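One structure is given below, represented as structure tokens, and several questions about it will come after.
Labels A, B, C, D and E are assigned to the chains in the order they are written; within every chain, residues are numbered from 1.
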């Protein structure tokens, strides 16, 4: 275990808590910057998807992991961002402006969803967002003049300073930059009063309120920020896919997003990206493993769903803290190495209490 | 505990509850370390200790809510270490938890009926409900109200009554007087003593109101930092200086008074 | 007339939603979690009946009873193997778990060679019969759904309201710790609740099979049953039925009288409106925390 | 110039199928049909001495996963060509990935117009579109039945819209229009209000933009309420499942189709032989989708043989420029391709369900 | 309302269904005093607190409050989340902490009403936000030192013993820098020694921090030690009010609330002292 001697409050606030952090994050940045030169194009494209989903995951993490508001319709925000991007890019607007519009419109829609959320809790909120997701999907399908309806819509590459950003590498750097900016924003938020207000609402609404936290404002804000991030992710997604259609933003997509942050580790910023990496890598792993399996299993339809389900079940059962939790344990183990005690992470019996009253 | 501390005459009263060297922890934090204690059939025993000493942890370990790391718990001569809590209750042990823990969305009456979940005899249960309504008339008045809407003290009454409904052989009481008015605090202890005398129910009591506890109990243990540091008959404990000072609040003003100077406890 | 026929169709479709919603409410009341696997359990129940009737050649009624029993057992096992280990974790974990279970069940059924990917018809004795009520027509399949829904609702309601077991289930969902202190065998009751829910799902699956056929994706209809349960108030059994009927009727009427597209989203629009007016549904408990 | 996926002794082909989603049944059959033809070809020594290798990925009928799958096939597995990819949105999503690497999209299993329109040199399609099927077949039937009020019920997605528009075009040519149009959402189970709507409008001819369960559901509901117009479906409704699941009530339904359903006891000997071979190999009854898969590979082989030993994307396209595919045993029409003609044939014919079995009731018409 | 009155409740009533939980209660709290509510369980004390902190709205009656920036305010017209900003902080009878956060974090959340930055400054973590954050931490550490919580600073609240949680809740309330502090049973669950500490703290809060305290308490020794005035309630109504001595000797209060408390030795067993007992079967 590393002991830190704190000499000033600044130290508590700083993002990198010690030199090791600085080193590791620097290495990570280097690796990400070097990726297009060392990794094959295919993997760069996958990495781009990881970043895009990471941004969306960050938003959902803020909402679900830190504010405790579960959204089963998050794909709708992704969709709003994607369609806004597609339409405005199609009209020839510059990328930066379009992206701001996508994020803004998504956030506005987020506010609209956040409003009923003020009075709703738990499952009721979940179903409200689910219903909202379905309605938005229907709007995408019906508003043919703008969205192209079910025929879908082709998306042009982003226009930056008059250049079309067409190559995989260039787009990758764009996504990387945005992902870093978004992450820094969220991390900043979480070490400031706004972020703490979110966490307070998650733990106890009644005492958050008595601490002067305006529940309505912060819940709506959380929805708005979360939707804005989803909107940015949706915009990038649209460019990456080059083709969007309403059924890409269905309940299944929403569940994928949720699954992602659970597997990544609910309540940690790292988790959003770890989960995204997992979500994108998973089908590849299955495809790799498929050939090793006997034909009857490997080629059977439904294999992917089974593996998905099993992985999810496995995480909930054995690693409720997700990939990030697993990483923490490994790190602690390494740091303590010869002195690691077995019971250190033993899970205690816990007892559920009704959260109908909160 | 070493043999010297064994109570006189401890051998012939059959211990109904026997903890041997029990050690429990929350994750890496050890809450109690090597606690051994006995409660004899028909007696009222009490555990005193300051905040965070581990009193609640002991009770939780007994009723199976926490699995001990080491040691064993025996109840009525049988080993119940780390058994399923529900199974332990069915053997006749009932627990009034710290902080009330009522079923907030069930009516007061249903709460009481749940207390009697392990009993089959409907008539006896109905009679017992009337008895506890007699102890706490307010519960009868509110029998159809959701328990979550009762005031703090009313919930405490409900929690105690609910445990009585199980007609247990041993009751673990965790701070029964929490949030009760002075008058009701006294009544609660009278009820405890009465149940002990009339029904022969054995009682293990954890209580911050040491004055009441030491008067109502036969035997006491003092817990500090997860260890038992003293045990004796209550009559003896009541006379000890440390107990007087730290638990009964009887002190010469000159010692502490307006100066916030804490005297070290001698047993540490 | 037209209106009446639409109303009747809506009611019978609503009963289907209600029937599935009963399963949700049952699990919710007893464990305070929302089971996203309910639709898949229903699918499994239908497949179970199909296998017993078509492959093993059992007579209809025996197959029905056998598949309900088998599913009940399956529910108990499911609880024992995957849900019990995380008993006491936040409800959200269990929700994710049920999503996982749903995936696995759907995937496994699809993996059965030559069977899982196909759509099947369940041979029921009342197939293609219809009851003529004056000018109104009601298929026997729909009547069966209505009857079964009513019976199940009454039975489950009575269980939760009047039996010690039912009250204990609610108690353990409200405060598990206290339930243990009372000697309530929380784990066993949970198992029972899952068994019951799976049995209810099997009933729903078997009744639905003649209407929607048996196929691996038939569980998706559960997504319509959620709004039903919410409109009625998630913790209320009669609420589930009423919610189902409300949604069924509104769907049916909006399909006829409103522009295209409304029928499919009617359920969701209704649920949003309802939640804005009554955040706890029609029959939901008013929840206040007293501090 | 050499293309990826072709080596001295192998040709790597890719395909994306729905193996876990709503069309998993069809996806699986297409794959098996393709495998059957690949194995046949390899047993006979391959194509110009090169063995065929088929890589199949699962899209779960989800466009996003289709893109990921396409990226894997194109960039990692280095396939020469995408054959028989299922689903319209999925194809549209995957095509940019393929085209950026000069990979042909060959005979996708969907009858949407976007599979050959707008023109792209890497697009080849074989299926008469849903649009054309209805546009060309509906008028004949309307006249034959002397129908007065034509209505439609269609699935509210790309597929259903195409069917509806085909009917619309046909009616327009006749100077008429739909009396009533209703929709439903994919996965719907209740069609009562839609049927009531059509019944109230007095329809006597209904164009079905439905697939399987919806076809059965709609017709079943109609029969129950005593509403008996002429039903015409697209090739999506031309499957044995309709009569297997729907039973007698389905009799009378018309569907547009090209290749014939391969019944195991089919009277035509080659089809019977083929069907039983398939059954022996996979222990499953073949369907039209098996035939689609089989034919797609078959056509590829023919073109690749024509392209000669120097197989590359360019030589393949060159061969296709003058390609004529004669009718096969399943009764597909003659298909011709050219530098600007990327759809083999836009004709189809009609089958009707009679006594629980599809019977071809018309031949390809010249228009 | 005279200058030294901080809070003035007039004819408050609350009805829950058929139950009149608070019935025509009037009192005023003067600046700089410790004012205590006592009464039997269910008398309506907590409900009065909930009225002041706007969790409940009175069926009738009014609460006037002298806001920190001058002016008299009808408290009942304020939304609940504004109450803390007006300088009223509270603790809860059943302890409502943020369970999954550390003690320090809980205290920092308590600083919410004193936040100096908005959303954008937080997102960018501007130097101003950084400076504000440092100040918030300084204040929190001050309170931690004051209540001797150093030992628990970084532990999660979920694992704290009951008594410590009570103190953390007090600390969190102090972090809002209130002018009126509502304490609901501050000493419940504390032993004699800890109650002693609590008494000192309450006195310090009043004398050193200049905060007015309104509390509900059942421990009469604490009440008489720290309170300036006491109000006794029963069944929603005012029973008596005055100095601790006056109220404690009021016959109605003795009857309904105190009982004959002193005589605890009556609890003892006749043959106390012997552990040998007839073992009942």
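Everything below uses one rule, namely that contacts are C-beta pairs under 8 Å (C-beta built on N, C-alpha and C of every residue); 3 or more make two chains touch, one makes a residue touch a chain.
A quick note: this is a predicted structure, and the numbers were derived from the prediction, not measured.
Remark: among chain pairs B-C and A-B, B-C carries the greater number of C-beta contacts. Ranked by how far their CA centres sit from the centre of subunit A, the chains are topped by B. If you average the CA atoms of subunit A and of subunit B, the two centres end up 48 Å from each other.
Distance from the subunit A centre to the subunit D centre is 38 Å, each centre being the mean of its Cα atoms. Separating the centre of subunit A from that of subunit C, both taken as means of CA atoms, is a distance of 31 Å.
Within subunit C, contacts with two or more other chains are made by residues 107, 110, 113, 117, 174-175, 177, 180, 216, 261, 264, 285, 287-289, 291.
Multi-chain contact residues of subunit E (touching two or more other chains): 46, 55, 92-94, 96. Taken residue by residue, subunit B touches two or more other chains at 26, 65, 104-105, 148-150, whereas all remaining positions touch fewer.
Chain pairs that touch one another, listed by label: A-B, A-C, A-D, A-E, B-C, B-E, C-D, C-E. If you check the complex, the residues on subunit E that touch subunit C are 46, 50, 55, 92-94, 96. The part of subunit E that touches subunit B in the complex is made up of residues 16, 39-43, 46, 93-95, 159-164, 185, 188-196, 200, 218, 220-221, 256-261, 264-265, 267-269, 272-280.
Listing the residues of subunit A that touch subunit E in their complex gives 9-10, 12-13, 185, 188-189, 191-197, 199-200, 202-204, 206-215, 221. Touching subunit B in their complex are the following residues of subunit C: 164, 167-168, 170-171, 174-175, 177-187, 285, 287-290. On the subunit C side of its complex with subunit A, the touching residues are 28, 32, 34, 82, 85-93, 96-97, 99-111, 113, 116-117, 173-177, 180, 216, 223, 226-227, 230, 234-235, 261, 264-265, 267-269, 271-272, 275-276, 279-281, 285, 287-289, 291.
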